[in-house]
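Just so it is clear, A, B and C label the chains in written order, and each chain counts residues from 1 on its own.
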Amino acid sequence: MAIAALAGPTVTQEAPRKKSRIALVLLLPGIFYLVLFFIVPFISLVITSLQVPSETNFGQFDTAFNWQTYVDVVGQYSTQILRSFFFALLATVFALLFSYPLAYFIGVKARRWPLLQGLMLVLVIAPFFISFLLRTLAWKQILSDEGFVVSALKALSVLGPQDHITGTPVAVVFGLTYNFIPFMCLPLYTTLERLDVRYLEASNDLYAGPFATFRKVTIPLSLPGIVSGTLLTFIPAAGDYVNASSEFLGGSSSTMMGNVIQSNFLVQLNYPAAAALSIILMAIILVIVSAYVRRSGTDDLL
Amino acid sequence: MVAGSFAEAGADLELVGLHKRFPGFTAIDDLSLTVPAGSFFALLGPSGCGKTTTLRLVAGLEEPTSGQVLIGGKDVTGMKPFQRPVNTVFQSYALFPHMTVIENVAFGLRRRKVGDPVGKAHEALRLVELDHLAARKPLQLSGGQQQRVALARAVVNRPALLLLDEPLGALDLKLRRQMQLELKTIQTEVGLTFVHVTHDQEEAMTMADTVAVMNKGAIEQMGAPEELYELPKTVFVANFLGQSNLFTGPVVESTADTIAVDIAGTRIVVPNSRAQVHTGTVTVGVRPEKLSLLMENPVAVAGQNVIGPGRVIDVSFSGVSTQYIVEVPRLGSMVCFAQNMVFGPVANLGAQVWLSWMVDHGFGLADVAEQAGAKQIGTAEDLTALDSEAVV
Amino acid sequence: MNKRQLPEDPMIRRLVQQARQSQVTRRTVLAGAGASAAALALAACTPGGSKPKFTSPADTSATDKTLTWANWALYLDQDADGKYPTLVEFEKQSGIKVKYDVAVDDNNTYYAKVKDQLALGQDIGADTVCLTDWMASRLINLGYTQKLDHAKIPNIKNLNPNLRNVDFDKGRNYSLPWQSGFAGLAWNKDKIPNGLKQVSDLWDPALKGRVGVLSEMRDTMGLIMLEQGVDISSKGWGDAEFTKAIDEFQKQVKSGQIRNIKGNSYADDLKNEDTLAAIVWSGDVTSINAEVGSEKFGFAIPETGGTLWSDNYLIPIGSPRKANAEKLINYYYDPTVAATVAAYVNYITPVAGAKEAMQSIDPTLAENQLIFPNESTLATVKGFRTLTNAEQSKYSAQFEAVGLGA
């Protein structure tokens, strides 16, 4: 919701007064939902992040104003924090590079064959029908040391005899990319599907070759899809803990923020640290995303 | 990258034996024509006649099945659109919505790395009197303004050939008339070769030096507008370009100068020089405004055709003239335009009248009309709705 | 400490020794309860604050013939169809429908999942759960468990009498052992034909990136500390010893020698050969071998010693089916049933008479050191001493930091 507000010029037109009461009634469920499931938990999270361990009850925390927790977690986990955003960025870029041609083909080139279009869309969406965890586990098996992928890469000397894929940053970025491709592909498809090819013809007619047309016309016209696709990929990828978890594709050299939060919350039972990390994660995402949306909202992005 | 010169004056366009087949139908069937450099050429025809496809073949947006496209004597058939010295003003304008007006106009110049693209773009916008809106986005402009930006965007490149694909189709009548004049003025000023595609016969005749009437993927007749109007050679042209009263019957008499055709007992004489066929069954015709409406049976005079009596079944007043529809027994209904020289109609509804015209005003066609009598051809406005010629 | 005569049975003796070292006593808890009024007031509105005064819900076992049992993976006899034969038999005998839920992968993560409901005295979706000594101790002391009715568990007579008085649960009013086991070394026999003898064999450069260890801190750190000459069961060690072991652990993780730090799911890594050698729990190796259909994996207690632990039945405070759970516990305290389970899971059964029952099931297993360890086997294992709360927090943070690469 915050993102939408940042996305464009605010609509200041006021609805007629008579309708405002109806509008309010219609908004109530949404407001109620936000308050109950966002505002209240968020306040609770902030309070938790400032708590101190109880002196008397082991495993309990007392309300305090201990902002030192924030300093501590940033100091201790700066590598993981930076890594989360770096991995998310890489996954977003790879997902975009992979999805754009695919979405372009489905949305533009395959227009003449609706059946093919439908089939390819199903193929993009089909992985959604299988649990995210199962798919990731399947990749863990495929990429395992004695699996054919690693064997093949070793035979080709791409990997050394002692190298492996699972548990490395490569596997984690791969997993993130793979898992978020549909989130990238679908918004891209919906904008590209509406792309008016007459603009491309006009560009061609005005001496722009395929590359210049792509850069100057196709990309700017599909920018809404690129922006929503990258956001839908980047935000969850930055907070993802499944791919980087050692139960799945990660290891101790590829830990992301989600894993740090999980460990602090579930294992170390250090709730203030987990809460502080969650708030930091939210804050950084909010800053990055609002800067990005503002920038791409203007036309001189490209 | 861009081949071809960008001459100050336009280049001529030559189409040689052009064919274009789409799955299931033939859009262009053996089309050959030459458009002289610097002329304003109109391709006129109804929806689906292949005129837009022809334009797209010239622009390079479609590849011909066979045949050649030559611009300034150079074969461009195998060239990509961006390599051809051709620009198009699209029916939808296709102005880039994400760019300002000035960037739209400068687009082609920037791609060709022409010096001072912005300066030249402003110049082109001044030509269409829109320089004050240079910083706007296309969607903030009215239809007429967008049309002019599209024109400026094409003209600014000084292409050897400027293609206009029904660019006025989306405008209202008054604006369209105004833009027709502006286009003509600009063409004269910049001296480029314009190829204009339209289904509006009036527009074609107003603007073009040469009009080619297209039907079913081929050119029916090509020539100066007056020539096409005064001497149509086919039923299609006679009916599509203006209105005609047509009669079909056998040739019953042939002299050195004329032929006489028997139409259900009435003799109609046509000069040999104005008839395409001189024997057998022929279709002859006359334009409605050439007819004189007579209240009495006139005395037979050489050099005049007379038919009647008939009955006026419709009178419609349109300011400059009045249109009468006259039902003549055995000949069908005929259309007659009479200038409003007096107040009120010359003949009232139901009146008995005779129609006459000078033999020299009649014409004989190369093909035979399916139905005798006047044929009402839909106006340009009616066809607009049907025009879905654009082939993806 | 009051030295009592240790029982004859070496395994029981070992377990009793371990249990005696439990430091969390009722006194500690009472001290917590006696804190200032303000702290109490605060605790009242904080989930799990202080010693809760829970009342367990009314027992609906008489009408509700169902039961959910949360347990660890590879911890119950299973046939080719995925059914649990002893459990099927129990259902037939008792008429109680049992949902066997493999929900525990790690004491910590399981605790974190259910602690909020426990603190509110609510049903956690399990009527009985088996957790390791130290976690059982925490739950009992927090008042999160229901008192067992020994009258309803007549087979409790088969629990070796000496095990009835562990320090964290004197008289076994709240917990009963399910299985005990060792943490030791496992290896892939195809890849490591010579096997492993000590923890440092895991650090062989040839195994770089192919080693897994347990996310259960007491087992992984216990083995490393034992190799460093620390008696993990004695109170004589502290931060210095633990930190020294952490340094070694960290070195092996940082260098990429250790690939994975996991709970029960380490089995998948052994099976797909991402890891070739690992610190594992004794009985699992048998189950994994059964799954792959060959004696592919070997197990050994390191020469410098392994760890010994027990998992204990607990009945969570919110369960309304206590009587059903007690029936289940009673059933599994039957020596024949216990022997059947032990023959499959290869863990140490706490049920006296099981060894005799095993003679008729599979005499060779009666001599299996992983199920019925003798004196010399037990001499090689130690229980991890109970940690103070401060130690628990500190060590857990240190251990986790290594896994997170922080």
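Convention: a contact is a pair of C-beta atoms (placed from the backbone, for glycine too) under 8 Å apart; a residue touches a chain by one contact, two chains touch by 3 or more.
What you are looking at is a predicted structure, and each value in this text was computed from that prediction instead of being measured.
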Chain labels contacting chain A and also chain B: none
Taking each chain's C-alpha mean as its centre, the one farthest from chain A: B
Chain nearest the overall Cα centroid: A
Centroid distance [mean C-alpha coordinates] between chain B and chain A, Å: 57
Intercentroid distance (Cα basis), chain C paired with chain B, Å: 93
Chain A and chain C, separation of their C-alpha mean positions in angstrom: 38
Touching residues on chain A, where the partner in the complex is chain C: 53-54, 56-63, 76-77, 79-80, 140-141, 144-147, 162-164, 166-167, 246-247, 251-255, 259-260, 263-270
Chain C to chain A touching residues, read off their complex: 31-32, 35, 39, 42-43, 46, 48-50, 106, 108-109, 111-113, 138, 142, 208-210, 215, 253-254, 256, 258-262, 265, 268, 272-274, 389, 392-393, 396-397, 400-406
Sites on chain A touched by chain B in the complex: 111-112, 196-199, 201-209, 212-213, 216-217, 220-221, 223, 299
Of chain B, residues touching chain A in the complex: 1-2, 59-61, 80-82, 86-88, 90, 92, 94-99, 107-108, 111-112, 153, 157, 392
